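Following this message is one structure expressed as structure tokens.
Chain naming follows the written order as A, B, C, D and E, and within any one chain the residues start at number 1.
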Amino acid sequence: MLSVHAVRHLRDFVLDITLSVRPGETLVLIGENGAGKSTVLNLISGILTPDEGEITLAGRTLFSSAERVAVPAENRKIGHLFQSYALFPHMTVAENVAFGLRCRKVPRPEIAFTVGNQLRAMNLADLADVNVSRLSGGQRQRVALARALVLEPELLLLDEPLAAVDMRAQAAMRGELRDRIRVAGIPCIVVTHNLRDAVELGDRLCLIDEGRVAAEGSPEEVLGMRENGFIASFAGPQAP
Amino acid sequence: MLSVHAVRHLRDFVLDITLSVRPGETLVLIGENGAGKSTVLNLISGILTPDEGEITLAGRTLFSSAERVAVPAENRKIGHLFQSYALFPHMTVAENVAFGLRCRKVPRPEIAFTVGNQLRAMNLADLADVNVSRLSGGQRQRVALARALVLEPELLLLDEPLAAVDMRAQAAMRGELRDRIRVAGIPCIVVTHNLRDAVELGDRLCLIDEGRVAAEGSPEEVLGMRENGFIASFAGPQAP
Amino acid sequence: MIGHGGWKWAGRAALTLIVAALLALFLLFVTLPVASLFLRISPEAFFRSLAESVVIDALTLSLATATVSTAVVVLFGTPLALVNARHDYLGREIIDTLTDLPIVLPPAVAGIALLMAFGRRGVVGQYFDAFGISIAFTTVAVILAQIFVASPFYIRQARASFEAVDRLYEDAARTLGASPATVALRITIPLAWSGLVSGAILSFARALGEFGATIMFAGNFQGRTQTMPLAIYTTMQGDLDAAISLAIILVVISFAVIAAVKVITRRSV
Amino acid sequence: MIGHGGWKWAGRAALTLIVAALLALFLLFVTLPVASLFLRISPEAFFRSLAESVVIDALTLSLATATVSTAVVVLFGTPLALVNARHDYLGREIIDTLTDLPIVLPPAVAGIALLMAFGRRGVVGQYFDAFGISIAFTTVAVILAQIFVASPFYIRQARASFEAVDRLYEDAARTLGASPATVALRITIPLAWSGLVSGAILSFARALGEFGATIMFAGNFQGRTQTMPLAIYTTMQGDLDAAISLAIILVVISFAVIAAVKVITRRSV
Amino acid sequence: TTTIEAPEETTLTVFTAASLTGAFTDIGKAYEAQNKGVNVELVFDGSQALRTQIEQGANVDIFVSASTKHMQALQDGGFMNNSTVVPFLENNLALIVPADNPAGIKGLADLNRSGVKLVIGTKDVPFGDYTRQMLENLAADPAYGPAYRDAVMGNVISEETAVSSVVPKLALGEADAAIVYKSDVSKDDLDKVTRLDIPAVYNVKATYPLGILAESPSKTEAESFIAFVRGPDGSAILTEYGFDPISAEQ
């Protein structure tokens, strides 16, 4: 169970968000560019620190301004896929995926085994020894996803995880992602601009507008709010 | 009229492409991650040099291995939107958009005017003086698009131009893009993984597979080739 | 990694403390000797020195020559570093290493080498001499000596900074119509800016402190070639304390100049 | 910007040529003096020098001390540069400028400053002396003098390189479970690698060429404190040609070491 | 004194050994005061460095060397106007100790005590060469003997190439004793360093020659300057700085 209350002053507005996600549940964040979606993920994973608020995950307090607690990012056990991938440019694909396991001092043979499996699952096995600067855009995004998933985190934060992935792989990866989250029984937050992601991945949908939760509910509920201009265009001309 | 024949040896396969795009026509490139779509755009805009081939645009030879001609990228008058945006991190939004005009020695007041218009048209006016490192992902992509469009190039190359743009803005920008291309009467190539882009922007669709043109035709024709696995998943469960 | 005064940290305090202590020790090691110089002389002696004509001459000459030589180094070194960072040609690494050589030459030997090259009897200097141009023992020689010893510091850092700039931005600029010169001036150089400034400061500082090559190649003429380090040396022959006064003047002025350059260049970016 | 031998270029050839000519001129300026040294002596004289015990002692001492001092500089300078690049604390720019000061001190003054700090009567040295530890006139003094004069070159470049590393990678590494130390070792340092190597080379070269501070602080004693530059200077008093031989040995060895470091470190990245 | 009214200003470039810095600065000023129109440009550096500069083509009128060796080399090389080269100064070695004299050195006899930190010149520089000659003189005297010489050499912690790096070591109390020229301790440094004279029997005289360069365009002015240096005014200044001028009549 993840529960978040976080306030942070941004350039144009104050972000003030309250969210909670149950284990095995996927919350999809949608909203305009610059609404604050990536910032919410950064606050949760510890890249940014809220000005105020409280974040708890599976009973652990990750941040609390009242108790003056701020668990450093590296101890939060959160898988975070960055919008711009942030692949380590001095490493190969396999080294990128192995990075987190090495930080956890997993024995080498086990790393090799786990990374090999992960790469195969994501159709990246051929690229294992390629330097990441020589990947196409979609290949990069898949590597970033593999790198986050391989750690079996207690929470997954995915920032537009399939935006650059080709359509065929998208369908497959969407399915795999959904299964993984269900099996792992961890909470998951996905940011997307893609209707299919929202409908197929999301147990709940949350619309962020200028740093606040503007609407929340099941995909059907939220996408049904046709009176909201953003949702109207998100859901597209035909009803979902 | 753009016509391209280009051969280039890549790591895994040989890219060998023949394409032509008429003025006012938009060609949509689709294909798997790593198929070579971005590379085709790089070859056309002059970032990469083909091993062999010939590229002509509006009667000018941009590249010809036979005649040993290679017009440098800066003289090709091609607008190229990079997949990773490549915004200049040391400049504000307005400076980024103004960059190409300054290179062309356009007088300052005219630059200010043109850039202002462009930013307004792309809903970026509020962000004009913001440093680009402080933009959200979608905002970045819009700035990159504005930067390419403002130069009124003779050819537009757009690499996943709307992937990170929010849904509402996507619809608007897609419309604007289509109008612009029609009005300007220039050829345009768009790479996308998005079915709506393909259908709504594309006059013709071209499927790239391992560096070759695997299928080409009107969107209806190509998306109808359900026997092709990629197209089947691209076009989605329901027929377009 | 950014400090959060007052937040609980899981056992990282000890490590931070040790690192901080070691760094303080190192800083102390570097600054203590400089500070010791200050303990040695009285403020009056210091200000008295400042008014002497030898000191004024030397200080003016030092600042002027170091500025000129840094400017020359930047002017020539920047394209050289850029070419080496961006173009892979045969012999690049050899040229790169050659440009470093002046650092390892003890300055007195550098001075002899310069004399042997550009002196009146020198390999090249003899031809200049035939035209009545003599370089050695002039202010120009001071500048040449400084360029010789200081250029590697700039070039090396400039190259590293240029290499750190992502080519993607250069490619993007070219598709927007920027010529190679425009790309260099408007994209690559601004993106490498902090490294370039840093290299120029190194190079300026090295030129200001230059002694051995200057005294050998340019001689020790007050007002013409006697820079601050030479004036310090000359004074040291008679009066150690006066020499230390001069050294402090040099340190204070350099500190001020470097700090000013940092502030100015930081603001402009 | 990458050359395409044989392709037609629109009028850019002239500019390229001028730039190339200017660069060649500059390179010539830097290399010609070094080359002139080579003209001065015969190969036999050179090899004869190589076998002399003074030379062997001095060369061994030089390489050993410069290696140790570079190692110390890297060890302390890397965290210092990293902290200054990544943390914005009060007085950061002052500390940054302080670490630069040793460059502007003429080396002889640096030597006096070191004596005044760590000598028998020095500000700190007197306490060491009370424990029977004396630093001046020992090999340790040679190393300290080299650290003092060479450290700014590494620290300055290291800071610029660290600043050029995008924080995004560090953030990503932390979410993957990397502690600040791991982030530094596995992400920041590797990404800044070429700049760090470059800075270490500068610093090593400066340490190898160090003369004035060494002779002042450590004295000139064969086998103990007489490094190559001191041996060269000593020899120069009697026999200029022999001194030039020694200088050439220093240049050749330095060239070899620097080139080797470049090759080795390049490969490992 | 005669005042030569030169139609335009003449510049005399005098390359002067570093050990004469103080004395020649004063002499130069005094000479300029008496001879309007003559500008004495003094350049101070080690004799060896000055010699190298002359060999590499420096334009110089007068060379004042601290050692006959470098002057001889230039004479052999044809750089000097040989007839003008004369020894004009003598200098003696002296023992110097820090003002508070931590090792309690009262004279030569204390130099062989173990633990004394002694600084001398290297054998290639004149003051180092003369120091060794002096030690040979002492070794030849049964009162000291070869063992004394060896013990003294064993106490050497540094062999310096220039006096400028010796005096600071004494002034800062780093070394216990050093052997330099008598004139090397300037008036200003006398509060930090004590000078102990060395008995004439063991001492070694250094001779300083000066001379006019073969290529000097201002030979008459140069001669006049040399005459001044060797005359009563010059001698007085030199004596004040601890040198022993050799009178011109000899």
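Criterion: a residue touches a chain if its C-beta (ideal position, glycine included) is under 8 Å from a C-beta of that chain, and two chains touch if they have at least 3 such contacts.
Please read these numbers as outputs of a predicted model, since none were measured by experiment.
Looking at contact counts per chain pair, the maximum sits at C-D.
Both subunit A and subunit B derive from one sequence, and where they touch, over half of the residue numbers involved are common to the two copies.
Distance between chain centres (mean CA atoms), subunit B to subunit C: 46 Å.
Between subunit C and subunit D, the centres computed from C-alpha atoms are 14 Å apart. One simple way to say how far apart two chains are is to compare their mean CA positions; for subunit B and subunit E this gives 80 Å. The geometric centre of subunit A is 28 Å away from that of subunit B, both derived from CA atoms.
Each of residues 72, 75, 84 in subunit A touches at least two other chains. The multi-chain contact residues of subunit D, meaning those touching 2 or more other chains, are 12, 108, 112, 116, 122, 174, 179-180, 183, 233, 236, 240.
Those residues of subunit E in touch with two or more other chains are numbered 52, 164, 168.
Those residues of subunit C whose C-beta lies close enough to touch subunit E in the complex are 108, 112, 115-116, 119-122, 125, 129, 134, 136-137, 215-216, 219-222, 233-234, 236-242.
In the complex of the two chains, the subunit E residues touching subunit D come out as 46, 48, 52, 117, 119, 122-125, 156-161, 164-165, 168-169, 172-175. Looking at the complex, you find that subunit D touches subunit A at residues 168-169, 171-180, 182-183, 186-187, 190-191, 193, 269. Those residues of subunit A whose C-beta lies close enough to touch subunit D in the complex are 45-47, 72-80, 82, 84, 86, 88-90, 99-100, 102-104, 147-148, 151.
Within the complex formed with subunit D, the residues of subunit C that make contact are 1-3, 12, 15, 19, 22-23, 26-27, 29-37, 39-40, 76-77, 79-80, 83, 86-87, 89, 93, 95-110, 112-114, 116-118, 122-124, 144, 147-148, 151-153, 156-157, 159-161, 163-164, 170, 174, 179-181, 183, 194-195, 198-199, 201-202, 205-206, 208-212, 228-229, 232-233, 236, 240, 243-244, 247, 250-251, 254-255, 258-259, 262.
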